[in-house]
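Labels A, B and C are assigned to the chains in the order they are written; within every chain, residues are numbered from 1.
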Amino acid sequence: MGVDIRVENLNAWYGQVHTLKDVTLHIRENQCTALIGPSGCGKSTFVRCLNRMHETNPIARAEGSVRMGGVDIYHDATPVEIRRRVGMVFQRPNPFPSMTIYENVASGLKLNGYRNRRVLDEVVERSLKQAALWDEVKDDLKKKSGASLSGGQQQRLCIARAVAVDPEVLLMDEPASALDPVSTAKIEDLIFELKSQYTIVIVTHNMQQAARVAERTGFFLIGRLVEFDATDKLFTNPSDKRTEDYITGRFG
Amino acid sequence: MGGNARKLNEDGMISALPERSRHMERAIRLRRSLTNHLVTGLAVLSTIIVLVPLVAILGYLLYKGTSSLNWAFFTKVPAPVGESGGGMANSIVGSGIILAVASVMGIPLGIAGGVYLAEYGRNGLLGNLIRFTADVLNGVPSIVMGIAAYGLIVVHYKFSALAGGVALAIMMVPTITRTTEEMLATVPHALREAALGLGIPKWRTILSVSLRTATPGIITGCMLAFARVAGETAPLLFTAFGNNFWSFKLTQPIAALPLQIYVYALSPYDEWHRLAWAGALVLIVLIMLSVTLVRLYANRGTIKGGH
Amino acid sequence: MLAAALSIFVIVALILWVLIHDSQLSIHAFGWKFFGTSDWDPVNGSFGALPFIYGTLVSSLLALLMAVPLALCVSIFVIDICPPLLRGPISFLTELLAAIPSVVYGLWALVVLVPIMRDSVGPVLEKWLGWTGLFAEPNFGVGMLTASVVLAIMIFPIISSISRDVMKAVPIHQREAALALGATRWEMLRIGVLRNARLGIVGAVILGLGRALGETIAVTMVIGNHPDIVKNLFNPAYTLASVIANEFTEATGDLYVSALIEIGLALFLVTIVVNGIARILVWAVTRGSSTRTA
């Protein structure tokens, strides 16, 4: 089951650059929420604040309140704990090349101390099925390396790796932007299936994609959340002129 | 945050991870955290351990060496055994002569080789073979270079500064070739293409564009190679051979600073030990100076878009 | 220019020619037995190189044993744990270690390390680990162990700096993948960096081995120069490079010189092979961007 995310007055900096300004929103559980906006608007930074990956950069800083399922992730939990509960899929697929497909999916489990062969086998199978990759790789699980798959397959492998540890939230930072249209379609189908089990936040450049998969969408511009509403409403009848300009392609 | 609720998906599989007691979860968390801190501690400790010999060596050198350094050290030859007050002037000059010989042979050859690799041999098999051989040659023990110089020169003539210079030159060539190539590789292609596009012939482009741009880096590389061979003893053991007196001829045995330090350190005479320490200090100061200069110079002199 | 570049091959050819040509005498006299017998008695004309092989191998391996863990730990420290400001100074300092000439290491080891090994470290080792037979009297300070310690200090910089290079070459997205799974810092380094850099690190270690095999002057000054093959690490020993350095200028008779040159040939071939393998491994990981020699 997913959890909801309440963000209040989130501010983020890279060194002196103020990349997120007073962002407040409520992401509902078991839904897919999309974040759109032009390059550099802070949507990636925002998403990286949700699993505290933002702070892995030594000059990065964040302030504000982010509560997941009621827990303040900055003050009541450690990054290691949070990242276990929040899975992330990156723009460029990044499977571990020195591990087999099986080992890739099981990597998160092994980190958390799951050693039982049977449990690992079950979870790996379950995760690959969830990621719609099982049929394509089931015979090569332990023979092929994670990096020997095609781009679209690699990304689904990364999704399988992320869901294997049974997170509550799934963050996806432009997961299909480096992929071909067929793979992109597969990933979008996946998101449909997955959102009943996890809370999904997806950053995307592609407005049609947001319209296809997300119940709610947020529009970011120069570090601020300009508008956040049901996807239908945002795209057909935006409240803010800036949103309208972006959607109609006047900039970005 | 929520615990692991069991849920069934359409395949009928239990889609959550097996339940673990809170106790076990905590134990695992503790183990991971402990391992993490242990490794961090080890890493910090190791760094400190490693810096200890550096400080110890340099510190002891300073302590022992400075007390032995005086004006006589830089102007006199070693005193006869049993007497004190000598110096290592002949070794310093001798090193200078040998290094000059080595540089005259090694630097032009090395730079030319590096130019070839960077401008003509970027990707071919020959280029890669040369590159590989140069790198491997850099790892060959320097005493082998001494044997080679011995067999080529000493056997036919005698122990001489020339032989020592040849031995050191053999060591300089691979190093300078590779560093020259590296530096030339940092020259942006756009510069070369601009010159070629203007109709300037390739050899001229190399001279006035590539080499001129990369000159600081190339000088850096030469200085590094120079510093490295300046401290070498083994190749000189049976080429330059050493000399307790003044010698300026290329065809006679000659003293060299590291060589004499070696000989004096192993000797039973206190006076010679004193000279060894002073000599070691001078040697180290010279080498450290060049290494530091090189580092500073290299950081300033590299072109944007390079390393 | 091409000619200049080809000079590299010429140099190798010249070295090989001298080594092979001038060791013919010894090769014909002893054949392969040269490397199998342990009787090195120049006065009586018997030349067996086994003690030197033993000395070289044992001292190098011991040095690796001490240097590799240290080098890896320091590399990890510098690429991740260390505050960014300290990174430059610390790597500079470890490279300073590489710049110290061999003879200076030897001098320091002779005067400072030998007494320490003889009077402080030696007795402790003998007391606690003497039962292994590795640490027994007599202990004069000069010997296999002291030489190994100096070697370890000397090969540390190259192992560390090349490991650092290969670790830095691992793309940052691998680190992020590990962190996003909830890895601790060490776990992130383990599966996101070290695992990917494995081959290169092995290459770095082998390069260190190559350096240790050929190190001459510092070792000669503290190893005792005695062609013995014993278990006791306090015992003096002799390496391939040391015997050449020590006895070449005193060698009387063509056979003696030839035998020493044959040892030089063996040393040359071994270091070429070892360094060749290492360079291939390192190149495979860094795509030729690391040309460090120290």
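Some points to look at:
Following the convention adopted for this analysis, contacts are C-beta pairs under 8 Å (C-beta built on N, C-alpha and C of every residue); 3 or more make two chains touch, one makes a residue touch a chain.
Predicted, not measured: the structure shown is a model, and the values here were computed from it.
Sorting all chain pairs by how many C-beta pairs they have in contact places B-C at the top. Farthest from chain C in terms of Cα centroid separation is A. Annotation: 48 Å between the Cα-based centres of chain A and chain B.
With centres defined as mean CA coordinates, chain C is found 16 Å away from chain B. Looking at chain C, residues 184, 187 sit in touch with two or more other chains. Among all residues of chain B, those that touch two or more other chains are 32. The residues of chain A that reach two or more other chains are 80, 85, 111-112, 165, listed in rising order.
Chain A makes touch with chain B in their complex at residues 1, 3, 68-71, 77, 80, 85, 109, 111-114, 116, 119, 122-123, 126, 129-130, 165-166, 168, 197.
By the touch criterion stated above, chain C contacts chain A in their complex at residues 84, 173-184, 187, 191-192, 195-196, 198.
Of all the residues in chain A, the ones that touch chain C in their complex are 51, 53, 56, 58, 79-85, 87-88, 90, 92, 94-99, 107-108, 111-112, 158, 161-162, 165.
Residue ranges on chain C touching chain B, taken from their complex, read 1-9, 11-12, 14-15, 18-19, 21-22, 69-70, 73-74, 76-78, 81-82, 90, 92-97, 99-108, 110-112, 153, 156, 160, 184-187, 189, 207, 210-211, 213-217, 221, 241, 244-245, 248-249, 261, 264, 267-268, 271-272, 274-276, 278-279, 283, 288, 291, 293-294. Interface residues of chain B facing chain A in the complex, by the touch rule stated above, are 1-2, 4-5, 7, 9, 11, 13-18, 24, 28, 31-32.
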